[in-house]
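Each of the next two complexes has chain A plus one more chain, namely chain B in the first and chain C in the second.
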Partner chain A sequence: MTSATETSAETRTTETRTERLAGLVQRRGSIVVLALVVLVSSVSFDSFATLDNARNIAIQSSFLAVVALGMTFVIISGGIDLSVGSVYALGGVLAAYGIQWGSLVGLALPLVVCGAIGLLNGVLVAYGRLAPFIVTLATLLGARGLLLAITDEGATTRLMPREDWLTHLGQGTFLGLGLPVWITLGLFAVGVVVLGRTRFGHATLAIGGSREAATLMGLPVARDTMLLYLGSGLLAGLAGTLAAAYSASGVTIVGEGLELDAIAAVVIGGTLLTGGVGTVGGTLAGVLLLRVIQNVINQVGTLSTHYQSVVSGAFLAVVVAVQAYLSRAHLRGRRR
Partner chain B sequence: MTADPRAEPRTGRLTAWLRDNGVYAAVAVLVGYNLLFSANFATWGNLGTQVVQVAPVLIVALGMALVIGTEGVDLSVGSVMAVAAAILPLYLGYGFVPAVGLALVAGALCGALNGTLVAVVGIQPIVATLALLVGGRGLALVFADGQLTDIRNDDLLALGSGELLGIPTIGWIAAVLAVAVWLVVRYTTFGRQLVAVGGNRSASALAGLPVRRVLLTTYVISGVLAAVAGILATARLTASDPSAIGTLYELSAITAVVVGGTPLSGGRVRILGTVAGAVLMQLITATLIKHNLPDSTAQIVQAAIILVAVHLQRGSR
Partner chain C sequence: MEPVLAATAVSKRFPGVVALSEVDLTLHGGEVHALVGENGAGKSTLIKVLTGVYTPDTGELTYLGETTGFGRPADAQNAGISTVYQEVNLVGQQSVASNLFLGREPRTRWGLLDFRAMNRRAADLLAGYGIRVDVTRPLRTLGMGVQQMVALARAADTRARVVILDEPTSSLEPREVDTLFTVVERLRADGVAVLYVSHRLDELYRICDQVTVLRDGRVVHSGPLAGLPRLGLVAMMLGRDLEEVRRDGATKFEGEHTAERAEPVLTATGLTVKHRLDGVDLAVRPGEIVGLGGLLGAGRSETAMAIAGALPLDSGEVTVEGTRLRTGSVAAAMRAGVVLLPEDRKADGILPDLSVRENIVLAALPRLSAAGLVSRRRQDSIVDTFVRRLRIKAASPDQRVGELSGGNQQKVLLARLLCLEPRLLLLDEPTRGIDVGAKAEVQALVDELARDGLGVVLISSEFDEVVEGSDTIVVLRDGAVTARLTGEDVTEAALLAALAEEGPA
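== the complex of A and B ==
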């Protein structure tokens, strides 16, 4: 126990090369693996490295990416949001439901309702001091119930008019890429700035590192925690709206298990579930990696699509095992 | 099972009582309500249906209660059910016992994988079991080639639809397992070690408890119980349907455990409460259906009940 106090002063200056490498792999590993997978797939499959396929992957990734962006912030703060899959589905259904009163209502309704669910999560977690896992589990059920209530128990699928500008937001393209892809890129740019350059982003990292310490530092812990869940709800609702616009219908059966994909993408992207460490860019790489693997398995053709989830699951297990090993190596280095 | 005295100042006596006994009271109220206002509630036929419907969730929830008692969670249970269900028809040709045995072994292996990732590698339980939740379902579909297979084995079918003394066999199995798990938690060294590890892992390690072995065993038990639930659900359905079986069971099981008064923070396992929690959720759904209220209402009501339950538990940390 005494050695810890002796060495604590010099830890910052004596990072060895292995330690730095471990930290680097932790933060940037997902991008390297993504590059490798893309490279190997491009060489192996003629139909992989085509413009059409790239567009395809980009649009398929965009909806998950928007959800995962909110999840990244929540997980960095040491929390978790299991409700996003239901909220995503609810957002899409509400957009198709609200558009009968005009495009603006079609966009505003999902954002208001999904924002309200996020706010409820946030208030219960931040001010009620309830466990995020169980609070968002309850709202997962509640949001799914709300969805069923406005779709005649899931029997009604409302269509969105093709010529509407809200539908165009999902289906339109700009410079060859779908509008949802541009919106996603814009949101991630904002996310990078918010996490790295704003008081709120730094507070998020501090809360995830140690809630007690953040409170003692005088940070508005409860308020910021509430805002994180509000943001996650809003982003999930927006992603659902975009997905509904893309398919021009409020599909009721989407989003089941999406929270797990989002968590997987965030974790693969190098964000630690224990909080306090994470990057927005890593999450984007994590999302792309999941979707590229899915795409590659479809390309192989002989493999049944069921292998997709086997590979994703195995990949997730390997990534977190490596992460656990690396962070332990990191700690060992610091104790020396 | 008295409340922690330190919690008394924060929560009133009523809150404390509700926290410890609320789930039993709620079950009693719902049973009373149904006896008075629901036609055909107190018939053997209806009670048998309720028992059969609650049994698989209850069996999964027993394992979940143990895992949550170690301050963990097992998200993979639904997929493990699917793996067990997918293995059954592959080996039923060799007979009932080898097929069921192999399905149980598969469940144990799934649990061992979770346990290894949590106890040896040191990954948070949510992610470790998330990996198997995603991968397990895919594996089950690969085993079954994505197909639904009819079950024609008489022994297995008898397991699903048989009765003993007027009570469905599935109900007996669930009851026996519940008693067994309760005895394990209450009277065995392993049970006490499990609660100690959940209460304070590092203190348990310093006290010389085999922390890793306890965690590993707990996840294996959860995997085996999920496999049992998968086998029973398959027998009941008379078909192996790996794409649908056990979906969202992790949520139902966690709900039953939490509503039953086992705190997510670990260090306490309430098996009787878990049984009551599973029964309560089933009764709520059944009551709403009896009154022609749709599924959507049932889900919103369940959400509200979970929030009330965790709110009551807040003081018990």
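== the complex of A and C ==
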């Protein structure tokens, strides 16, 4: 090997400062904004920075967070899962329905059914080569229909016995925080490891980056894609179960539009809708940001809660615009 | 010696096309085997058959002495057949190290990825090829040359017995090519069988031992490369018999229509696009047909696209009738009267579900409309004129274009361009994929248009078409003009010689 060729490779590899900054904002932006919002809110509202309120935000965030965790992986792989809102509601109802045969059935039934829906999504997307948007839209409708069928069109709300351990899973606390919060944190810790430190996570990033390249590199693209949707269904079902346990009832009207909140949280957290780039931690920040904004608007009190949607929407628009700008800056940098 | 990989009588059919017909290919360890052929010769299909992307309809693959059929790319890869594609098929957002080890990452005993080991091994591996980069950087932040080398390093590191390189040098700088060749030579020394696909004759003669020439899905020649004259190789690729070349062809062009004294309608100078065009100069006078000669990838289509504003230029200028054109804008070029008939009419031209009328007036709509409304009567009269003039065979102007034959589709596209009243017509493969009769008609039409005073730039991979159609031929190689043939020199023999000529290397 000659030294002449060694130098040649180095010359054109300088990453510009803008590019590095763009990457940093992409990855860490949501956490910075979250910190700012929390800081400003703490100063502005006495009732914001209280332990009770923090607990409140944490528990409210946990259910969405679990759904958004599965969504993060799906979106990183370049897909989308619209069914999670319905699946989440179905999971809750099934938990309350199944608990009449025992707590174990109450936990297993939603996981099996929601997992099956996720698996169906996965098989159709991965092996049927159908567009995830359409497939999961279909299962969104299907899951909602199933839910209405087993609840007499939503008229029956089943309650979960207070003393059951499954209900305790939603209502109990540990070190002052609700058990769902701990479960969520545990799942996110696993998510961080899976995405960052396993072949599966690595392959997920590659599939989202370039599905064709991933296939040509011999990665198990179809199998992994299927597993991603299975995981998303399972997590949505689990989140529904926890939410049902928390309120000790299988509420039929929850979960509508939850898929959009989950997508918003994922995107705000820095994951690109086009796939290939994203972090699990960012999603957690995105979820908290949405819930903190909701909380703050409740604090103001005079504002209609509908303004929460307006603010979240505006936020999402800004984030997507910034992302688009940053990735174009990236492209420019590359073309130079 | 037993071959590492052999394809025997492999055929592959697609609807309406025979992509490969009874193809034999034998790769031996420690040999670099060149695979050459023009567009549509079947090279890509053959590679995809060898790598498990396609399953052949008939024929058989023998790998390491055993009959095999790779069901998926992963199978071929695991078996030791690695491919580096023309477009770098890696994941740009991920780090260099990740791209090298995706799917076979080193793991700790907990089953988690061992990034430290991965980065170290990646750095060592690349250093072995003389590349020192920060392997944790996203791949896309690196130059194309480095990306190509990463792809090759990945391919060569998977304990490969066969490495397939599909036009590996098309986006490389000359010194990067040198680095690549050292790697190829090392692979050869290690006993790997290398299949090398390229159109650059200089490279082939520098690095390859054997050559297989494909044309129209068939093997027309296979044997050692050394001793095979360049002229003969080019003639085989293009399907021209050297003897036949001296005879007269049978196209419908009548030749010679130049108004010698006229000022050029188009002057292009120093057209440069990184990695694609390198200072191309071109002048076309009214009534003149200028052919662009060159092998695939020489920059013919790029030249036409650059003139038509469809390819942004790094430098160079285009002047139409004395007025300098804003480059990189199709609209500006069209206003100045420069129009392009694109190479791929299905992808870039025809709207198959719209009617003949709609397809023809599409581009002219802005000038046919007043206050945003389009006069149906004016449309009809224009459509009528061109259907008659170009002898478009359609049941009615309302017939869907998708139902027409290829030749008539091409005429519809020509009509679309002509109703813009152009000054200069750029034709990229105007007769590709249309039947013989329609071909002759399109040729006659182009001739007629030139006689009416239009400047024409003609690109065709059919040799006789360029030679007999053109008044002047500009020969391109690697994006630069290497020869200009005028008058008496516009012959197939002269063009072949110009194409086969040794480059500056």
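Assume the second predicted complex is superposed on the first by the 323 of 336 C-alpha atoms of A that agree within 3 Å, B and C clash if a C-alpha of one lies under 4 Å from a C-alpha of the other, contacts with A are read in each partner's own complex, and residues count from 1 in each chain.
As a convention for this text, a contact is a pair of C-beta atoms (placed from the backbone, for glycine too) under 8 Å apart; a residue touches a chain by one contact, two chains touch by 3 or more.
In this text the structure is predicted, and so the values were computed from the model without any measurement.
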item	value
Partner chain(s) touched by A:217 [first = chain B, second = chain C, both, neither]	second
Chain B versus chain C as contact partner of A:79, first or second or both or neither	neither
Partner chain(s) touched by A:202 [first = chain B, second = chain C, both, neither]	second
First, second, both or neither for A:191, with chain B first and chain C second	neither
Touching partner for A:140 - first (chain B), second (chain C), both, neither	first
Contacts of A:277 with chain B and chain C, given as first, second, both or neither	second
Residues of chain A that lie at the interface with chain B and also at the interface with chain C	none
Contact footprint of chain B on chain A as seen in their complex	80, 124, 128-131, 133-135, 137-142, 144-149, 153, 256-257, 260, 263-264, 267, 273-274, 304, 306-314, 316-317, 320-321, 323-325, 328
For the chain A and chain C complex, residues of the former touching the latter	1-6, 8-13, 15, 19, 23, 193, 196-199, 202-203, 205-206, 209-210, 212-220, 276-277, 330, 333-334
Residues of chain C defined as touching chain A within the complex	73-74, 77-78, 83, 85, 89-94, 98, 102-103, 105, 107, 111-113, 115, 128-134, 137-138, 140-143, 145-146, 149, 154, 173, 175-176, 178-179, 182
Footprint of chain A on chain B - complex, ascending	73, 75, 117, 121-124, 126-128, 130-139, 141-142, 145-146, 247, 251, 254-255, 258, 264-265, 294-300, 302-304, 306-307, 310-311, 314
